[in-house]
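Look for subunit A in each of the two complexes below; its partner is subunit B in the first and subunit C in the second.
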Partner chain A sequence: MQDSVAPESAGARAGLSSRLPGEQSNLLARRRKAGDWPAAWLLLTPVLILFGIAVVFPLIDTIRLSFFDIKGLAKPKFIGLGNYLKLFTDPAFRNTLVTTLIFTVSTTILSVGLGWMLAMVSAFAPRQTLPFRVMIFAAFGISEAVAGYMWIGILRPDAGGLLNAAIGLFQPGFAQPWLGDPRTALWVLIVAASWGGVGLPLMLCFASVQSIPKTLFEAAYIDGASHGQVMRNIMMPLSLPGVRVAIFINLLGALRAFDIIYILTGGGPVRSTETVGYFMYRESMTQFKLGYGAAATVVLLVAVLVVSIPAIIQRTAGAR
Partner chain B sequence: MTMSARTRGIGRRAVLAGIGLAAMLAAAPASAQDLSGELVILQWQGGTDAEMWQKLEADFTAKNPGVTVRELVVTGQGDMRGPMRTALLGGEKVDIIINTWPAFRAELADAGILRPIDELWGSAGLDAVLDQSWKDLGSTNGVTFGVNYTYGDRSAVWYKKAHLEKAGIEPPKTWEEFLASIDKLKAAGFAAPIAMPAKYWAHGEWFETLLLRTGGVEAASKLAAHEIPWTDEIVKTTLKKYAELLKAGCCGTPEQMFAGDWDYSADQIFTADASNYLMIGMWMNARARNDYKLNEGVDYSIFQFPALGLGHDDTSSVDAKEVAVTANGANPAAADAFAVYMVSKDAADILASYGYASPSKNADPSLLGPVQQIATAAVAQSKVQFVLGDLLPGDLVDEYRVQLQKFLQDPSDATIDTVTAAIEAKAMELY
Partner chain C sequence: MIGRAPRWPTIVLGVFGFIWIIPIVGIVMTSIRPLSETARGWWRTDSFTLTLSAWQRVWEAYPLAPAFVTTAILAALATAGTMLLTPAAAYAFHFLKFPFRRLLLIIIINAFVLPQQVVIIPLFQLWRELGLIDNFLAVLIPYVGLSFAWSIFLVKNFLEDFPTEVVEASRIDGAGPVQTFWHIVLPNSLSSVFATGILQFLWTWNALLLPLLYLRTNVPLPVILARVNGTYELNWDLQSVAAIVTTVVPLAVFLIFQRQFAAGAETRTGAKD
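Entry: the complex of A and B
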């Protein structure tokens, strides 16, 4: 039937169909705009109010506070950019920037790398391994505070600590103060933080692998590919969207890390584990220099935006 | 008429009774007045201390049945000034603030939150109950704000008796004996005789008493006010004495010191039997009795910091807790009565039952346990100075503790110069 359609009429129909839906959709959109906006606003208003109270107002107020000198309960004094100038000449803050960078990059590499690798292995693993996968993911659901106290037990400096006791099986009396040594404290902290962060990348990467069409695997195996080749040439490249999301989420989480640092090291020893998140807490809540702490918060916010915006743009473009 | 006459008669009696009642009320102390309403206390203490406070509050309300007490509890870890500030800035109105930081009292007073109690001090006759030194300790810029209700000896060294017996030593009295005891304890199998809790702040305890014993109360007081620099020879000599201790192998490696906070260090002595000496303050007593279930004076005891022989061995570091009344509280009469109650005999008895000493002359020292009695006697014979860390500005405290950690890593003369210069540089910014 289609073959019998005249080229002109087909072309005209094609032209019509390319024009009409656009015009129709514009007309419909205009009608929807005109007719639906009260209902749309009604539905949006509660969300906008909540968003304003929970996000916009605290954000604006934090930025406002960062221009004030606030010490304890004394009256705030406007100092313009004074807090920012002080912040970037403060050796303690400069130290936190380096520590934050190491902590963020390392925890992201470790947790996403491990999660990705486990996702690959899980894809080949028999159904019976499901409980283990669930357990790995469950670590993601444990609060950082609870995980912190668990790690305190593991990392106790005496021979009674779980890690020391395990090493002590081969080297009796072994007692390494893992969190007391400025050379090891940050790395131990990174391991502890990454442990809780493996579950999410595992799930995201595993979901990406599951979404790969089965026909690709079948074709590869028919062509004589090994498991390793399938993993390297099919699963790894096609699970990259999941990896990208996992990296993005982990970077944001690591940049803002606080709980586990507070519990395990308190930023010490000798400020060796103090990240921007912890510095912010110390200045705002311990020293109660709310203005200075707010300036550190704004710097952290800018860092989070720098990380987020490219990812958001990419995701939005992908959605279109 | 009769009615009228009777009314006049009643009126005269009522006037007379009214005058009599007014005279009685004017003469009576605040606690005996017909107090009523809710008394709000800003509470930041937990565990055994919180339990003790509930007993104190129950006793107070039993004496003042018209009053109900409500605790506004703030929670947190470490320095509780942050949560307290948050509550107060958030608009919470309380009648009583429990405070242990003189610098925080000054901050509260500057912000207009505290009400001066000099008048109350006079009308309630508190001069007869607390010595002038306690009044001074509760004052900021000559104005009295706090009624001190308990204090602790921060120059006491805690030990377990069995450990010293095992090493064949008596509690050391001099610095030389103390250093020698470290060798003997190590020979008895204790690798790190001093449990040094250097994770956050408690390594400052040793420095502060060494400072007192090196330069005296005057020097410590001047240092707190930055009237002498941190690069002063007194501070350097103090650190050199501290270095003697570290070089004697008192405390294990710096990494071991940084790995422990004060309660972990206490565990090392009282449950793990791995260390022997701890300086931390009198709250150790409640922990030893209630958590470790040890017998005070039998299983464990204290000795006062050994004599350095530099002319200031009659000094001790102390901490204290006070109640302060607020300017914006809804029930000032009950707040005043509660402040006075806290130095009464009944309150002192409750404090003693929890192992805490009261500075009140109403307190009966015989109710205290043997360890607390040693501490009380030592403080009574000493020139006292408040804990240095609670007198310094917050920023400086932080720098001072971090620099002390650097000193623990390398207690050399060169490090002493570096760390004192770093603290001084910070102090110059802040004073």
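Entry: the complex of A and C
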């Protein structure tokens, strides 16, 4: 009887209906239910409209468009799975998939690995290392576009580029066109993207290490453990929750990367730095193959969903 | 930790910290030294002159000032939109009962995984049909609409700890749901609303992809930076000024609120642990 009036978690959440006995609660709850309706829609309508235009419609429409052949302003032609068949026989796209995999995995390993190590090292002297953590975290506060521009200066092909100059100290006259050489472009892009990416894992893992009970460390030191042992046996396993979150955030960020690729390499040279997220932009917005680009976006979407399954399950279960 | 902190962690972090700010030092140095001196490397000190020449010339060379105004207007409007609409929705989801409540909530808070790439083709076609290309609304609508995916989650999480008794008391006293929101819940959840605002401000100030596609005449700073960067002129000094102008406001905001930002980014993109 109660359930029909106040569904799901209302008893725990609303408190009131569970505390007042019998008839009165029933009456109140029923009045509330009817009374909530208009107010809820009043408060939600603008949000639902904007969310509908900016998220729901594009999501459905991208999937719909991926089944059409669209050339410029001509009438779209339904071609079923045609775009997908074309994608997976397109050597450029297959190359893009490999690039995406390398870019996503490498930036995540670099950012999270380094951030995690630095977090554990700084946990031995939290206060003294604070300014340096802020310096590393600051890179995370710089937009990808500006970060990309900064790295262009470091990667300049002549001796005016810091990287060439640094190598030139040992090997005079060294001049590698880092961004112009398809063999090196992807790797320097990965380094540049990870530069900004270390800050967040550092902060997340540091918070994770800080939340380990101090008594554990005290016990370990009293038993004569070294810093290395404390790091390996206490900090590493107990900071894993923070590491997991950091890995997930970095994977998502790398899959959706666009700005830094656009500024630093533009996907080149010879499309060697094109990830799926950049490929869809190029096909749809510069070649105007909207249907083809939409199909690539759906592939990106599948990758994003696969990576996000644990987070989605957790959020859905926690949505009360 | 027992006893005095050892010294080696500080040294390790110090080395990394200084390496990490080299790119930032690089563009600052390039912007305040003459091009002739920095052409072979901004770190060279054979001759060292400080000049604000690039800082004076850049305003003529690139449309930085109008772009700054555009960026500020877009970021302010998008931030205001998110800060006004998010708490109302979070309140409705948390305290009110209505059909499809849980379904809508699940859809909205899981949308945070979607990459921006999903919106660009459909909205490009829609804006073209509606004649909204080059209109601020073309970016403001997705800025605000996309923000709900994380902002509602963030504010609703805050409301989990909000004392239910207070809300119930207000309802028993005869206040309607909207009045309760306006007089009781909103004034007491401002900290989470401001955290949302800061995140949205940083995100919209730095946005490149959407304005690159949907705006033409009045474009924000990141788009200007992308344009001057693609010209292959040897204007390292001017371009560096443009880069600094683009990033100085969000970087300052970021550093002031860095603690909240680390916590917010966690709820924005990741699951809470």
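Here are a few things to note about the model shown:
Here is the rule we use: the second predicted complex is superposed on the first by the 259 of 320 C-alpha atoms of A that agree within 3 Å, B and C clash if a C-alpha of one lies under 4 Å from a C-alpha of the other, contacts with A are read in each partner's own complex, and residues count from 1 in each chain.
Assume contacts are C-beta pairs under 8 Å (C-beta built on N, C-alpha and C of every residue); 3 or more make two chains touch, one makes a residue touch a chain.
Since we're looking at a predicted model, the values are computed, not measured.
Between subunit B and subunit C, it is C that contacts the larger number of residues in subunit A. Touch criterion not met for A:212: it reaches neither subunit B nor subunit C.
Legend: residue contacts after superposition of the two complexes on their common chain; A:191 is shown touching neither subunit B nor subunit C.
Contacts of A:177 after superposition on the shared chain: subunit B is touched, whereas subunit C is not. Of the two partner chains placed around the shared chain by superposition, subunit B is the only one that A:271 touches, whereas subunit C remains out of contact. In the superposed model, A:285 makes contact with both subunit B and subunit C. Contacts of A:43 after superposition: subunit C is touched, whereas subunit B is not reached. Contacts of A:238 after superposition on the shared chain: neither subunit B nor subunit C is touched. Of the residues of subunit A, those at positions 158, 160, 262, 266, 285 touch subunit B in one of the two structures and subunit C in the other. By the touch criterion given at the top, residues 1-3, 5-10, 12-14, 16-18, 20-24, 26-27, 30, 38-43, 81, 85-86, 88-89, 91-93, 95-98, 101-102, 104-111, 113-126, 141-142, 144-146, 148-149, 152-153, 164-165, 168, 171-172, 176-178, 181, 202, 205-206, 208-209, 212-213, 222, 225-226, 229-230, 236, 239-240, 243, 246-247, 250-251, 254-255, 258, 261-262, 265-266, 269-273 of subunit C touch subunit A in their complex. Residues 6-8, 10, 13-16, 32-33, 35-37, 39-44, 46-48, 50-59, 61-62, 65, 118, 121-129, 131-154, 158-162, 165, 195, 198, 200, 203-204, 207, 214, 217-218, 221-222, 227, 241-242, 244-246, 248-249, 252-253, 255-256, 258-259, 262-263, 266, 277, 280-281, 284-285, 290, 293-294, 297, 300-301, 304-305, 307-308, 310-312, 314-316, 318-320 of subunit A touch subunit C in their complex.
The part of subunit A that touches subunit B in the complex is made up of residues 72-74, 157-158, 160, 177-182, 262, 265-266, 268-271, 282, 285-289. Residue ranges on subunit B touching subunit A, taken from their complex, read 77-79, 81-82, 85-86, 88-89, 104, 107-108, 110-111, 113, 198-200, 253-260, 268, 272, 274, 394-395, 398, 402, 405-406, 409.
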